Amino acid sequence: MNWTIEEFPIKELATGETLKLKTYTVKGSEGPHIHIQASVHGAELQGNAVILQLMDLINQTQIRGSITFIPLANPYATNNKHGTYTYGRYNPVTGHNWNRNFVDIINVSKFDLIGFVENNIHLPWHELKIVYKSELDQIFRNYFDKLIETRALSENNKLNLMLQHLASKADGILDLHTGPTATRYLYAAEYEAEVSHYLKFKYNLIIPNEYAGSMDESAFMPWVHLMNKLKAQGREIIPDIESFTLEFGSEETFRMDEAAKDVESIVNYLRYKGVLEGMPDKIDSHSCLLENYKTIFSPKGGLVDYHFEPGQKFNKGDTLASFYNLKNIDPNDPIESSRSAVKAEQDGIIINRCPSSSVHQGMELYQVMTKLSEHKV
Amino acid sequence: MNWTIEEFPIKELATGETLKLKTYTVKGSEGPHIHIQASVHGAELQGNAVILQLMDLINQTQIRGSITFIPLANPYATNNKHGTYTYGRYNPVTGHNWNRNFVDIINVSKFDLIGFVENNIHLPWHELKIVYKSELDQIFRNYFDKLIETRALSENNKLNLMLQHLASKADGILDLHTGPTATRYLYAAEYEAEVSHYLKFKYNLIIPNEYAGSMDESAFMPWVHLMNKLKAQGREIIPDIESFTLEFGSEETFRMDEAAKDVESIVNYLRYKGVLEGMPDKIDSHSCLLENYKTIFSPKGGLVDYHFEPGQKFNKGDTLASFYNLKNIDPNDPIESSRSAVKAEQDGIIINRCPSSSVHQGMELYQVMTKLSEHKV
Amino acid sequence: MNWTIEEFPIKELATGETLKLKTYTVKGSEGPHIHIQASVHGAELQGNAVILQLMDLINQTQIRGSITFIPLANPYATNNKHGTYTYGRYNPVTGHNWNRNFVDIINVSKFDLIGFVENNIHLPWHELKIVYKSELDQIFRNYFDKLIETRALSENNKLNLMLQHLASKADGILDLHTGPTATRYLYAAEYEAEVSHYLKFKYNLIIPNEYAGSMDESAFMPWVHLMNKLKAQGREIIPDIESFTLEFGSEETFRMDEAAKDVESIVNYLRYKGVLEGMPDKIDSHSCLLENYKTIFSPKGGLVDYHFEPGQKFNKGDTLASFYNLKNIDPNDPIESSRSAVKAEQDGIIINRCPSSSVHQGMELYQVMTKLSEHKV
Amino acid sequence: MNWTIEEFPIKELATGETLKLKTYTVKGSEGPHIHIQASVHGAELQGNAVILQLMDLINQTQIRGSITFIPLANPYATNNKHGTYTYGRYNPVTGHNWNRNFVDIINVSKFDLIGFVENNIHLPWHELKIVYKSELDQIFRNYFDKLIETRALSENNKLNLMLQHLASKADGILDLHTGPTATRYLYAAEYEAEVSHYLKFKYNLIIPNEYAGSMDESAFMPWVHLMNKLKAQGREIIPDIESFTLEFGSEETFRMDEAAKDVESIVNYLRYKGVLEGMPDKIDSHSCLLENYKTIFSPKGGLVDYHFEPGQKFNKGDTLASFYNLKNIDPNDPIESSRSAVKAEQDGIIINRCPSSSVHQGMELYQVMTKLSEHKV
């Protein structure tokens, strides 16, 4: 196959070494471009196993279009340990969540999108896409230069802008994450909800076509803005450019055997996009709107016995977890006196749970999907 | 004097202990209420020394009105150490900056402020204040109850809401902070700019009457919303309720001798408010709009020799810091070959600097005020 | 039952709260004293579940002698979080492993053990034990006072000495731990090897009758010293006082259902000691000498796919783990080019493994028992 | 000048990058070899500034012998940040102090030193040195190979052995450190006490000719062992090979202007060794035996007002620090009620103090020299 390797410096360390991104791009015949990255959160490793499996598989076939792979998209985060665990969720210096400071480039750059739409609304969609991508490329270059010039390029900006800039060339963007202790699930924007079923995840979280700082959003927002402005001018288009976050199980885990199965979801999407040959299929799945995706914050501090695992269903009234307060033991009835229950207030499915049984009041205990709608094939 | 002590549980720990806030309230004759707290960021200690000095001083005098003191307003943060330093800036579990998740209570509670204004616009201001404070009290109670009910009370919510709720009763709110390695300076909202001079800080940072998640903003926003809605109805009032963030030097530092001087700024403000007797005075000072308060992010990684200390002026072209890259030494010219300069792009004053000389690319190097306006008495 | 609760202050925090140990003691008729504690390493939680189950069980029966339970024996460590995980293995301020700074009290106190033996060698063992325990009590009191007087009482001393002092009154000391990601196993000193089988662990690690700073050692060393000095005087005794470390699976885990089974090992030991009624039994088990307990340090850095789980047997030549270096991918053969194997050099059983798949060179990958000897009942 | 640059890989990170040591060696005419390294503790930066100044100065002169410089001798530690501070004192994964796990190579390698001495005792000292250094080189190579073979090369071993191995070729080893918040001082072994005065430090700490795991000790122990064995055979020699730890002020600080003065101590030592031309001189100084170097551990938790700075003398009875317990305020006498004093129990000089005023019970408050002896020139 025709592979290209590139390196991008992202962070010069205090000791003078420079951490770099390494991108692996494979090109086939004319066709769409796909961008696949893993480990924006440093402890979320499984996506790298999926990338290896997919690279391997692609060497055994033909592709249309091109794919760029970025394993270990945030090496500073992956290398940051305290104890044996990885502090990959937030920047250890500033505390910023690595996946909440991507920028809505159209807004922050103050690009004249209305002017652009007026000039280009007549173009057929496949040409409009090309012109818009070319504009985006220039917008990122200018914005980046301005930040450097004014020394406003902060901790996360450089990495974020570099990833967004690379992703802005793509027709499909897959950001591979994991939860803490988690089942497999997918984030999809409303406008992508239909396509999302080709990724064959059992649980799909539908997020608004809006911006909250994550990579997937930063990649689809330019197209959402364009879609909205076109609509305002009377042209209705659902962009055939998607950006998803794929959650492959639990953090700190790297399993090649599971990756061999995980890769199937991406392969199916690549079939849908026409990058790989073959008929894509769909599976029965569940969708949940973001407003029904609930975090249960710990109402108490204590040692926690979790009664449900990620992927399990629960019903209203079920005891989801028991808290034990060991400063509060009546020795004549030690278990009952120290225990209190956290009960489910409605039916749902466990998606994530806290990986520790030592929990302070207010920590995230579970994240659950409620009010799921079923999608039968 | 007439002191009251109260305790408020804020966080039950995994081991069953509960961290509590302790408030000390002193009451004199009828008059305004002042709320003074310290250490929302756990490593920022000097405000506690200021509180002790002020409590001491008040025992020797008479006051009008009342003052509530909350030293160590975030004990979980102050107790959190890694190495000998204190991890007080952000929540160690989630990474959230402790002073960016206060809520704009009028917005999040969806309070019908327009209805409230319509019903009460006719009231004289001193009565309107009382009615509004009473409403705020109820709003906080309801909002808090709702979060508990839905188990949506996260890590920071409980502490933040408790502090905001207490502060909502006050006519003057002083949130005592420090910078990293820093000079003394003040944050004031636009509408408080005039009053701010009574706090006698040499450097004043003027922030918009807007919301970005900090305690001072959360305390003045209900009054800004009210001011705006009254204005929309034709009644122009600048609220005589202020909320400031006072920055007393560097973190990790607790100096009673310096606190004896620091306390003068608050004493003068209390004179202005009529809580303490005596004529308040003002000093010559400098103001800077938030848009001209610049963070210089480190353009490189390396060991840093800082050439300016907080409080020092610099001119355009001055070398603010030298970076040394020790992986890049030409041994025949070791100093020049490894060194690069960060130069000032405009005149200004150093407010904060990074407390470490070991700096990764993108870290905050300095925060500087530029385009200062002078206020002569 | 006849329960006593006591509290012992162990650490005054910067904010003024004091963390305390809470001990629960149950007394029956005349008989031996047992000391059971959990969570010296803060993230090792399962022992607390075992304690609750045992306290519960004891309420339903009669005991001879007495038992002191200390759940959460190191609350400062259990409460120390960075991210969601618990930094319980070492003191976050100093880096000291919480279970390596207990003291060999006979040595550090410079107690005249030779003189003591000369004076008391004629006593029958059951009397000698009582006299010696009484001496130990005084030694701890004096040593503690001296440290306080000279302000030499460091971070860990206070906690360690308090636990050792309490344990010095006991005839059986059980220190409940867990591994990182681990199977269940037991540490026993050589002189206790026979008795250890009553604890019914499948894997027993036999450590020398020597001192390396852990709690179990600190509790048996006074008796080892006494045994050695008596022997030098011609009296051979194997003390009927034991001190074991019990490893109940993986850290961060608290499971009451598993504790209901874990508790069986202690119940059986209590039967052996005569504290509980009933005939103790033994199970088939494996023993490993400390010199054959091997840590496999990571020969490389990379993402790790672990091929064996704790409790699994492996043979010489087996691939224990695969490392993937993702900066080293040949895209034409991505899996093979980035992978390298860590192979077993001899037969053995996996006891612990690193809980993260993101591993720097030199980190602990596995701990394994080799050259096991079988003990058939 | 004649410079050589070499690179030594020391740690492959999880993401595949390899951190390396870089050594800069300058050679002149025949003469002794000097080894100078900095930043074994990652936050201790000033030694790197001293190295740059010394390299610069050497380019302007002639040297006899050779010098190897190793700036940033522990890049993993220097790069490890939590918040803005550097976690350089201990390994963040294991908690091991970076300067307590060097090995006593003669002991751990089980080298037959008695046999070696028997074979070589007749050699003149300058030849014996060469033969012994050659043996050491082989000992390190074999020991290193054995650890790799058995996969026993842990976190710190590789770095430690590499530095020790390099230092084993030298006739003078200078390990540049800093304290936390500290004055300048020197560690010297008893046998080097006389020579130590050529380093012109005001405060010298005299440590026994023994081993406790630090780099300086690991470099002098082979010579101490040799000295002892020769003495046992009747040949008394004080080795003219020295190994010192130089403490250049406070951590996190990098000041080139101060380094220009700091470098004078090393220049004077190099004159003494004959590496640089010119007559070495000495200054009046103070020495303290290790047993009189006292750590004052915090007897309480609280906010601390330090009344003495490093380098200051104090007398018995002086209040060294005041603790404020802010959970314990009597509002009618806030300062007195919350304050308690830590008084000096004897005369002395402050060497180090804790860099934070937020202090838990048991933390290191001060390190002080007592019972100093004066050395007048």
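Lettered A, B, C and D in written order, each chain numbered from 1.
Simple rule for what comes next: contacts are C-beta pairs under 8 Å (C-beta built on N, C-alpha and C of every residue); 3 or more make two chains touch, one makes a residue touch a chain.
Small disclaimer: the values here were computed from a predicted structure and weren't measured.
**Q** Under the document's definition of touching, what chains do chain B and chain D have as common neighbours?
**A** Of all the chains present, those in contact with both chain B and chain D are A, C.
**Q** Of the other chains, whose C-alpha centre is the longest way from the centre of chain B?
**A** C
**Q** Distance from the CA centroid of chain A to that of chain B, rounded to the nearest Å?
**A** 35
**Q** Could you tell me the distance, in whole angstrom, between the mean C-alpha positions of chain B and chain C?
**A** That gives a centre separation of 47 Å.
**Q** Taking each residue of chain C in turn, which ones touch at least two of the other chains?
**A** Residues 13-17, 72, 78-79, 81-84, 86, 89-90, 93, 303, 326-327, 358, 360, 363-364 of chain C touch two or more partner chains.
**Q** Residue numbers of chain C touching chain A in their complex, please.
**A** 1, 3, 5, 22, 24, 26, 42-43, 45, 48-49, 52-53, 55-56, 59, 71-72, 78-79, 81-90, 180, 252-256, 303-305, 322, 324, 326-327, 329, 331-335, 338, 354-358, 360, 363-364
**Q** Looking at the complex, which residues from chain A come into contact with chain D?
**A** 13-17, 19, 72, 75, 78-84, 86, 92-93
**Q** Which stretch or stretches of chain B touch chain A in the complex?
**A** Chain B reaches chain A through residues 11-18, 76, 82, 89-91, 93-97, 148, 150-158, 294-297, 299-303, 325-328, 342, 345, 358-364.
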